[in-house]
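Handing you this structure, nothing more for now.
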Amino acid sequence: MTDRIKALRAQIDEINLQLLDLLNRRATIASEIGKVQAELGSQFYDPQREAEMLTALQMANKGPFSNDTIKALFKEIFKASLALEEKEARQKIIVQRKTPDQQTVITFPDGTKVGDGSFQIIAGACAIESYEQMDAVGEVLASEGVKIMRGMAYKPRSSPYDFQGLGEEGLKIARQVANKYGMLVVTEIMDMSQIPMMSDYVDIFWVGARNMQNSFLLKALGKVKQPVILKRHFSATLKELLYSAEYIASGGNTQIIFIERGIRTFNEETRNTLDIGAVPLLKMESHLPVIVDISHSAGRRDLAIPFGRIAKASGADGLMVEVHPNPPVAMSDAKQQLYFDQFRALMRAIKDVPTPMELDAVKE
Amino acid sequence: MTDRIKALRAQIDEINLQLLDLLNRRATIASEIGKVQAELGSQFYDPQREAEMLTALQMANKGPFSNDTIKALFKEIFKASLALEEKEARQKIIVQRKTPDQQTVITFPDGTKVGDGSFQIIAGACAIESYEQMDAVGEVLASEGVKIMRGMAYKPRSSPYDFQGLGEEGLKIARQVANKYGMLVVTEIMDMSQIPMMSDYVDIFWVGARNMQNSFLLKALGKVKQPVILKRHFSATLKELLYSAEYIASGGNTQIIFIERGIRTFNEETRNTLDIGAVPLLKMESHLPVIVDISHSAGRRDLAIPFGRIAKASGADGLMVEVHPNPPVAMSDAKQQLYFDQFRALMRAIKDVPTPMELDAVKE
Amino acid sequence: MTDRIKALRAQIDEINLQLLDLLNRRATIASEIGKVQAELGSQFYDPQREAEMLTALQMANKGPFSNDTIKALFKEIFKASLALEEKEARQKIIVQRKTPDQQTVITFPDGTKVGDGSFQIIAGACAIESYEQMDAVGEVLASEGVKIMRGMAYKPRSSPYDFQGLGEEGLKIARQVANKYGMLVVTEIMDMSQIPMMSDYVDIFWVGARNMQNSFLLKALGKVKQPVILKRHFSATLKELLYSAEYIASGGNTQIIFIERGIRTFNEETRNTLDIGAVPLLKMESHLPVIVDISHSAGRRDLAIPFGRIAKASGADGLMVEVHPNPPVAMSDAKQQLYFDQFRALMRAIKDVPTPMELDAVKE
Amino acid sequence: MTDRIKALRAQIDEINLQLLDLLNRRATIASEIGKVQAELGSQFYDPQREAEMLTALQMANKGPFSNDTIKALFKEIFKASLALEEKEARQKIIVQRKTPDQQTVITFPDGTKVGDGSFQIIAGACAIESYEQMDAVGEVLASEGVKIMRGMAYKPRSSPYDFQGLGEEGLKIARQVANKYGMLVVTEIMDMSQIPMMSDYVDIFWVGARNMQNSFLLKALGKVKQPVILKRHFSATLKELLYSAEYIASGGNTQIIFIERGIRTFNEETRNTLDIGAVPLLKMESHLPVIVDISHSAGRRDLAIPFGRIAKASGADGLMVEVHPNPPVAMSDAKQQLYFDQFRALMRAIKDVPTPMELDAVKE
């Protein structure tokens, strides 16, 4: 390096420190403005004011930076100031992880826990079809130690002419079977008007992918006492999923479980593409439990065992799998529901995969 | 070609005709079974019966076709028979095009039409922010001959902390401005509980992408007297969109307009990727009008003119565009709303693109 | 607004101007360093130096901005300085548009032009199969005034067992037919070793999607005298496509035509999804001509007419379409090649769509 | 079920058996035609003949099946016959799994094996930058028992102005370091012209994503004696990947290793989306080993540990990870290369995840 460059770099270093000082002084004043605005109840972000400042800067700018560059740089400075002002507000994003060891653990009256480092199995038929079917499923689940039974009485279907579920009759069946085998019932809710009726039957509400951004339903579930399983839409970003959870949490109900279920891609071999990276990413961003739906992600039962092992190794808090006494004649999801023998094989196959007891992310 | 091959081919031809005869005799009998079942009210599709037939065929099969091939071929035969049985039922899929010249035309009390071969402009601010804003927008729209004004009072937002709209207060503003300038109001509905209140203010209901598969809302809109604009979810297939319309149509309301608004892909330059192919494809499949949202597909105003021209050339029945008196300070969609001058330029720029007056698909 | 806020804002305004001054002084010095480095032949970007500056700033930082914010802000400042240093270098990105009216026009010896505001049709069979086939195609093309004939002798196929093209024999056929009807030949090149042989037969080289990032081939085509058509890979971003063109241009050959051909998405009705937005976006970013492949984007011939109209309205410089005397028996792309009658109908159908003679983007 | 339905079903059963008989007789004759054609060297698939048969059937058809249905059913029958004719041919698809326990094991001169049930680590810097850098990396790898070192001397980059690698000089460095620490070298080849030169330095050829469908290169690698690692393009289907491997295998080199590296989706948090389902799916379809690239799939180092555990649980034969002495100043992939400490932590973190020793798919 030449002496010339050394000298110039020393000048840069000096300017850097002056910029640092100015930026922090600016931030202090902006922060004070923020406090006054908060008292007045006005919004921090004021595009008009920003536009005026940018115009003033462009009028004063003599280069060599172009007006566009100056505009871009000051927009970054505005954003940083705004971020500082909103820092306290941001702390209110309830579902966001605040500390590395923060972890929501959901505990049910029978002692079943989700999020405590154990690996919970949620299983059951895609749809409740009859008492006999549910009883057969319940018996197998109970024999394998499953504590949370899936029993859907309302099915969101693409076509209005497809089987839409047994309705309240189905919920009665699910409750009866769950009671017989000592299990909890999770069922899908499709509209906020169903809450009062469903509350009599279910232990956990399930929000399906199609309702992931139904803000009226989400807000209403912020007021119920049961935990909520929130399924990622097959094309939702993780940020969108986190904000959907925030709709529930901001209403007061923080007992929320995420479920990753595959995303829509160009892949043809599977119904969706299991986005397993979502598990560690959600864990980094949020303190809520995450489970993996190995049925809808694959859409085929021959992937249940590898997907079950993958889910457990990923650090998820559990998995969800569909089981049916006679899958080919099931009224929905015939290709992906497991035979009883396959379900037992799955339970054996995941046994030796260890559960990571702590966040695996390596910090730099 | 050798004589040997010729002789063998003659044998094949003979067998083909025998197969044809058997297939049709089989279809006749299956059709008769269908009629009996229809009287009994039982479903046409009986997986148990299919399983039994396949087992019998596999037991009888001596090759050279493998059991798998025989199974696959007979599944096709079963499907064809089933299709025949359901043919009459299929005719009931209301939104499906039945004939090449079938076309739903929606006529409003003021004579405005959608689907009649004209190219309708639906325009307005992303969200209703104030009377002044809406009045300014309304004046420009009216001066350009726009008949349908967009005015959203409830905004579905990813975050619960973002601006959610002015609510009923906003609807009052929209109604007032529309009346002043002689325009129709289209507004987004987010939950079926809003129908009674909204019906007093709006001429057209808008179902947003996030609610495209909210079957409770869709069914409820099947009972209203206003037309419904149904927006494609950014990752919905066209089949899913058609079935969502069927949820509305099967309730009795067939005044439905599709809106294509871009799909979520890997592209980074635009908010979504305009799937312009959806326009001719929806036209081929359905008799309902289709319009193109050139604001949300692009997510940037500098694409408004090319997208407007593309939309008109595609055979769409109109376009939707967002306009704001001062886009950079808009409370939502600041990057994509047009300045008034841009909107006027858009109207000029699409004028010379001809509207195809008939379905352009070339039939073979 | 309170007086308190007014006073604080005045302080902010003052600091803004000081920041502006410092940023520009910093830029001047950085620019001088850049000049010294350019003389020494060393790279502008020096991560080590950046790391040191950031460390110094973090040591000196006393808040209220966090170290992370300071780091982020200074990274923006570094980037802006770097951008300034590289501004001259950036001017060397050959395919990047420099001025609004810059436009590469490719002129062939016979006077045919691409990029001059006309709408060129490139048509022909997917693959050269025989002299008879090509002659029949050539006759139809000529009768419709087509000047550029597609004739592929080497076919990139997914399977090694699929028809791979006639090779040099096919090129001879293409040349012969083109000469007979007074047309230019464009053909696909798959490996740089083919350049010398092919140069005897072809007027335009075609780089297929699978080779869009084959840098050895691209560099080699930078040295040929024929124009090059560069096809976008079905999952390439526009930035990647521009850089691929730069590989050719940086070798000296700036006669490049982009071809948009649909991207891979979740859509099932079409082979790919026509990304028509790519046309105006490429036009904004680059001065090179852009044409639209209406055959591979749709993958079905019944969309040819709407896609042709859309392509013309989008501002593209032309379209590419496959034509075959008997499409169902074609050795490749049987579903998308047009019958002769369909091709003639397409030519009629696009006639009344006007060509935009200037960039349609509306500048704010 | 009524007696009427019983009687009709008996008739169906009878017709089913007659159809079965006819279909098999037809298949026998078609198979004989196939043998004659094979002797004559003509293709099995004859679209002209199919068209004639379909026309004859449509002329003879009296319903109730429509001509379209008859056409569709016979197309299935034709396809089945064709499949039978090609069965023997199909057995020649080399990379396709033939039996459940078929497994290609690649054994290197030093005894290192890939595909034998062990979990191989392939690690090293993204690009060779200097002897010092590679020596530092090599020392760490060797201390952790790594046997295969990644050392890229030619880098495929989006921009022609980015660092393109050290070239042959880099290969010399890689060879020297590998010899010092007793490791094998894998390096990326970008054009078939490089084979002779590279063969002197490398133990394994690496085909990058951008060259996955470069058939000239693939065919040329079918003739080398070194194994080939074939990287999936970020938007290739598994079928396309299998066929690309077949290009190599059909040339004689069956020592091929697949590498899954993430696909391009709408996800923003990661560079690509790890498609972990590709591992069990490739294992079901092919007997070739599969490894997982945990660097390019994530594009960020904080996911290395969860991705490493996921990869091992998925049944993959190993993983590939990038390691650098000082990642932030790396000349490429600065965000995803691991620090040495992180690499050691990764090695510890995957130790307790068991390797499935057999194909986990549960057969029904």
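A, B, C and D are the chain letters, set down in written order, and residue numbers restart from 1 in every chain.
Operating definition for what follows: a residue touches a chain if its C-beta (ideal position, glycine included) is under 8 Å from a C-beta of that chain, and two chains touch if they have at least 3 such contacts.
This one's a predicted model, so the numbers in the text were calculated from it and none came from an experiment.
Ranking C-D and B-D by contacting C-beta pairs places B-D first.
Note on chain placement: the centre of chain C and the centre of chain D lie 29 Å apart, centres being C-alpha means.
Averaging C-alpha coordinates per chain places the centre of chain B 32 Å away from that of chain C. Our note on geometry: chain B versus chain D, Cα centroid distance of 38 Å, whole angstroms.
For chain C, the set of residues that touch two or more other chains comprises 235, 239, 264-266.
Viewed as a network of touching protein chains, the structure reduces to a complete graph with every chain in contact with every other.
Within the complex formed with chain C, the chain A residues making contact are 2, 4-5, 8-9, 11-13, 15-20, 22-33, 36-37, 40, 49, 53, 56-57, 60-65, 69-70, 72-74, 76-77, 80, 83-84, 264-266.
If you check the complex, the residues on chain B that touch chain C are 235, 237-239, 263, 265-270, 273-277, 279-281, 284, 297-298, 301-307, 309-310, 312-315, 339, 342, 345-346, 349, 352-354, 356, 360-364. If you check the complex, the residues on chain D that touch chain C are 47-48, 51, 156-161, 164, 190-193, 210-211, 213-217, 219, 233-235, 239-240, 243-244, 246-247, 250, 264, 328-329, 334.
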